[in-house]
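These are the structures in question, set out in turn.
Okay, so chain A shows up in both of these, paired with chain B first and chain C after.
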Partner chain A sequence: MVKQLPRTIIIRTAGTNCDYETQAAFALAGSAADRVHINRIIEGSVTLGDYQILAIPGGFSYGDDIASGKILASELKHRLGDALQAFAVAGKPIIGICNGFQVLVKMGLLPDPAAFEQTTTLTFNDSDKFESRWVYLKRDTTAPAKTGGRARAVKCLWVSDMPDIISLPVAHGEGKFVAADKKVLDALEKNNQIVFRYCDERGNHTGYPLNPNGAANAIAGITNTAGNVFGLMPHPERYIYCWQHPSRRASEGEYGWGLNIFKNAVNFVR
Partner chain B sequence: MTIKIIPIIAVSDTKLIKLSKDNILSLSLPEMKEIQKYFRGIKRDPTDVELETIAQTWSEHCKHKTLTGNIEFTFSGKKKIYRNLLKETVFKATQELNKPWCISVFKDNAGIIDFDDDNGIAFKVETHNHPSALEPYGGAATGIGGVIRDILGVGLGAKPLANTDIFCFGKPDLPWSKLPQGILHPKRIAKGVVAGVRDYGNRMGIPTVNGGVYFDEGYMANPLVYCGTMGIIPKDKCFKSVKSGDLILVVGGRTGRDGIHGATFSSVELDHESDVSAVQIGNPIVEKKVMDTLLIARDKNLFRGLTDCGAGGLSSAVGELAEETGARVYLDRIPLKYAGLKPWEIWVSEAQERMVMAVPPKNRAEISAVFARENVEATFIGEFTADRKLTLLFNNDVVAALDMSFLHDGVPKVTKKAVWKPVVAKKSALKPVVSRNCGQDLKDLLSSYNICSREWIIRQYDHEVQGQTVIKPLHGASLVNAGPGDAAVIWPYTVITGKQKNYKGIVLSNGLNPEYGKIDPYWMAASAIDEALRNAVAVGGDIDRIAILDNFCWGNPNKPEILGSLVRAAEACYDMAKIFGTPFISGKDSLYNEYAIGGKTYSIPAALLISAMGVVEDIRKTVTMDLKSAGNLLYIVGVTRNELGGSQFNLIRRRTGGAVPIVDATISRLAMSHMGGAIRRGLVASCHDCSEGGLAVALAEMSFAGNRGALVDLDAVPVAGTMTETEKLFSETNSRFIVEVSPENVHDFESVMAGSVTALIGSVTAGTTVRVSAHNAIVVSEKISILRACWKKTLSW
Partner chain C sequence: MTTSIIEVTLKPQFRDRHGEHVLHDIVDSGVKNVRTVSAAQVYRFDCALGKNDIQSIAEKLLTDPITEEYRINDGLTAPKSGSRSIYIWLKPGVTDTVADSVSKAIRDLGILTPVTIKTGHRFTFTGTISAVALRTLVERLLVNTMVQEYTVSISRT
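On to the complex of A and B.
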């Protein structure tokens, strides 16, 4: 008998627009991925529990009216909050990319799914304009000295197998990560919840444009303490093949580093 | 009664003219008289609904009366009669070329060519000039929204894969004191237009991958906004049919009072009192939902006819679909944004995000469900009939009853005069051009408006959404320092890669050169075609598989010299397309681009945009323009001629005269064929075409994009006749490429290029300068960091 592929649900709604490439990335990583309209889940014809992985892709859900991801975040929280929280607390992989990251933090599934309260946000870029460009990302391998943390790797199943520095594209107008207060930010640092920081080619601290939005502590992506819920502004689904990289001489082999992110999750549930 | 009867059958000619003007019908006296004749025949006066319907259908915007009408053309004393300029030039080339890979040309909302076993690709470029002059943000946003609907509405619906945009603006540094009354400042227009395209395109999830901006003070009052969309469509969905008895379904946005008279207004000269309510209001998320659901309904085969509501609104959309059948529409069933619209307003409103479908009655419930499941409004508003009449009802009253044949074929043919006198170059203009500081010229060119970096615009567009943009508008050695790509390449893997890997891609490029048109519109058109094609070839496109689109933006065609220049451009389109073997598959004209200031009328510099779409056999074998490795050799392909006429060098140095670049299409085609072949065989490390700013600018761009030095010997550049160093560096001769080849590929490269002029001119260095020598002396020696900074600074708003 053929072993069934792990199933991924990609939730879409009006204004979602990275669902096809996210589906292609999961498929290439070895998952059977469905693009499902939120109405189907709300009406009960599709059940989150039938899936092992959940993704909220990029786009402009509901036009990003009010604020990016805000309306979809409210809809998900109030219509499907229990099911989503259960999915997260059970340790099943959840990823929110770009608009999906905005949705995850605005409904409070990040940084702490158990609390399920919004404590961070993603707001307008410091440049005050939409930024479509490639950036370098450093996987956090050590806690910063100032928080007194020990040197240990971030615990996030989505990045378990990959190099310390990769490059991915960003495309957003509201990507500046901001925490409600210093306490929240310090806790994220202390608990090793920062997955990716913007950096230069060598992994050093950098300013605009390689930090495209002015995010606090150069944060590009975070996880919950259990490491299964992952939100990031860059688009890993846009770098699954080497030809997608803007300076192709940097690429080797057929695939891009974004693919590893999807593979890590698929391998985790397999 | 909510309708008015307009008395016309018994009125004088003067009254007819006044009637047309007062109601923005934009109809000429002969056209008004034709309408009068029709209604005299049926012995009654028209309703306002009928008159408006005829005006929209007969508008220049919808009917292209000038280009399909009679033209008496006088050229150097010789007379030539065109019965239908489009059919006898642009379209004729396509017919005579008769390429088997052309699927649908000039008859649908976009042209379609063959892509792979299962799919075709469709491309359309539209203009939205007048709306963008009055309301830049809304005008540009609905421009892109409209052309996306053209792709959604081609055949039974294509999935959009990429957008392109090309703008012509006035000079952004225009002093406020020189800004005429009622005109928005060019910088304000530029910012508004970019923001409009950004917000609509980004929200639609369609990457904007290719474009251009041209600055000239002639576009101050009348900017040009070209928006293009390319999409992919299953081969069995390329054609529509409508059967009597099919239901008429309108899907998407509601109808409001925005965009009334857009079609007719586009044929009116703008002035400071032009009415902004003619501009439509866009809502991209409504269109995104329509796109998502329309493709689902298409794949379930639930409808068999489809078109978008563009210019003329429902009047044009239903009119087009029902041309062979007839239609009955209940205007009171059409969902409105707010109450109070008169029947004629409902019928001609250009409210956005609406598509019209022909649905077999048996699919009524199923198609309704497809839209309802994703919160898209879809309303049945009538049916297609068999009587070849257009019947409109409002609350059970018939408010319009017109014969389809009159509506579609009744417009009288006009005859317009056209004249063209060639500009004779002065002898003094032929003096050799010698600059004392070519390095400064190069820096000034790189920072000039028409050559400088478009990064400020490009990075505001999500040019990588859908993940399929494998050659991007900017690329280079590092993620921060990039150079301008020649063409975009899309690999539609989310659509075509199923069980089997498929590496086919689509190349998109464009060419535009209004400056040449001021000297000679024929060579402007030829140059635009050559530029679009060589851009596509420079990344690895195949000259045997490229189709092109024409977009004419001209002034008032009632002025013989303006129409004459258009005829010359159209003649070049035919001549070039025939030799290059590149069929036109779709096009558009926007005429009457003029503006009145203080009683004086100004016409725009004529602009012909050529957009190219080609099939790339293997996207892995495409190349970018950034220099790759020190030690590689640099070649130039093509002969350089003394052609500084209309060049950017002339422009920034305020020189006039000189020969405008010509095109020897036979030689050019062969070079492109060789060049593309060399790239596809993997013999080329980088390739860039020479365009604005000539050889020097192309070399500088390759160098700072790749962060590699270059050393070039001008004496090795093949030239026609005797030329100065300045002329060699900055002449904009067409059909040239600069090519980087690694030493191990030199032999193969040279043998592939045999038969086309190809010369070794230098090498890539590990240094930090671009160095050009001639006669053993240094002509240019500039640091690449400084060249890059010059290029980047101008448009970093």
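On to the complex of A and C.
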């Protein structure tokens, strides 16, 4: 008997442009991934409940009009909010990459899907320029001093099997992570919701240009407390083969570190 | 049918990097007597919507609640003391794609009343630059006069 592959839905709309690469990454990771236009879900011909994994890919949805991800976030929240929140609260894996991360925070699915209110944002880079290059990322494994310095690995199913320092490409104009206030930022730190921080090759936190946008606490990606909803500005789907890296670095044989992120989610739902 | 102007700016605690970028370009062009530049996104609504609906759209759709704030029907009539503001709009007949996106997003909010929208930018300058010099600067750096038009608003004091 042939076992069915885990199914992934990749939601696309006008201006989405990383959906094919995201589909290729999930396929390589062992998932049957469908690219689905948002209108098909709104009209009811496609149901989120038929899928085990949900992805909002990168791009420039609706031309980045008003602000990056804002219109798609509003559309998803007002037209599909209940279904999306149920998907997240059920513990199913959700990933938002770049524009998808902007969408997740602006509709409030991150950092707390249960509250479903916007408490963080991704705004214009400090450089006021589009930043496009490879960056280093450190998976957060050390609790801040406020928690007594106890080392606790971040609880996020998407990065369960990863080296602590990886590199991925970024390409964005609005990637600076900002929290509504210190309380929100401290809660993210305390709850170990910060998945990736920008760093140098050795993992030291640093400023521009290695932190390409001036993000608070060098934050490149966050998760919810359950660890199933994950948003990040860098593009893991652009590093699934080693030959995509400028130095042809590989994680396992011919593959790139970005693939691990997709494999982790697929293995989780198997 | 009423006209509403909504201006969206950064909250005071955030640095206006775009305004700083424009100021840098101005200095690079050889003009030294502009002191600060601040930038804003501007929306003009012509519609039969009431004040509450306009406010709801501004709050839920046009403004990022974390970093931005909005003013309705204020900026055009009350530039800050000692400042000059320019408002840049697309010329009539030029497709305003941002306005099309905003119209779609308003319908997503459940507001189905037709709204005619124009989108634009406001730049406010402080310093000792004359109106003539400002127009030269604006046309050189900020406006594409083939598709855009602009107005200058000067504070009364």
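The rule is simple: the second predicted complex is superposed on the first by the 262 of 270 C-alpha atoms of A that agree within 3 Å, B and C clash if a C-alpha of one lies under 4 Å from a C-alpha of the other, contacts with A are read in each partner's own complex, and residues count from 1 in each chain.
By our rule, contacts are C-beta pairs under 8 Å (C-beta built on N, C-alpha and C of every residue); 3 or more make two chains touch, one makes a residue touch a chain.
Since the model is a prediction, treat every value here as computed from it, not as a measurement.
Once the two structures are overlaid, the count of chain A residues touched is higher for B than for its counterpart among chain B and chain C.
By the touch criterion stated above, A:T120 is placed in contact with chain C alone, chain B being left untouched.
Once the two complexes are laid over each other on the shared chain, residue contacts for A:A33 go to neither chain B nor chain C. Shared-chain residue A:Y241: touches chain B; no touch with chain C. In the superposition on chain A, contact is made by A:Y62 with both chain B and chain C.
In the overlay built on the shared chain, the residue A:S74 is in contact with chain C alone; chain B does not reach it.
Of the two partner chains, chain C is the only one touched by A:D128; chain B is not.
In the superposed model, A:C199 lies in contact with neither chain B nor chain C. Once both structures are placed on chain A, chain A residues 62-63 are touched by chain B and, in the other complex, by chain C. Contact residues on chain B toward chain A in their complex (touch as defined above): 198, 202-205, 283-285, 288-289, 373-375, 458-470, 472, 474-480, 482, 491, 493-495, 497, 619-620, 624, 626, 628.
Listing the residues of chain C that touch chain A in their complex gives 14-15, 17-18, 20-21, 41, 60-62, 64-67, 97-98, 101-102, 104-105, 108-110. Here chain A touches chain C in the complex through residues 62-63, 65-67, 70-71, 74-75, 78-79, 106, 118-121, 123-128, 178-180, going by the rule given at the top. Listed in rising order, the residues of chain A touching chain B in the complex are 14-18, 20-21, 23-25, 37, 39-40, 58-60, 62-64, 129-136, 167, 169, 171, 201, 209-210, 235, 237-238, 240-241, 243-244, 246-249.
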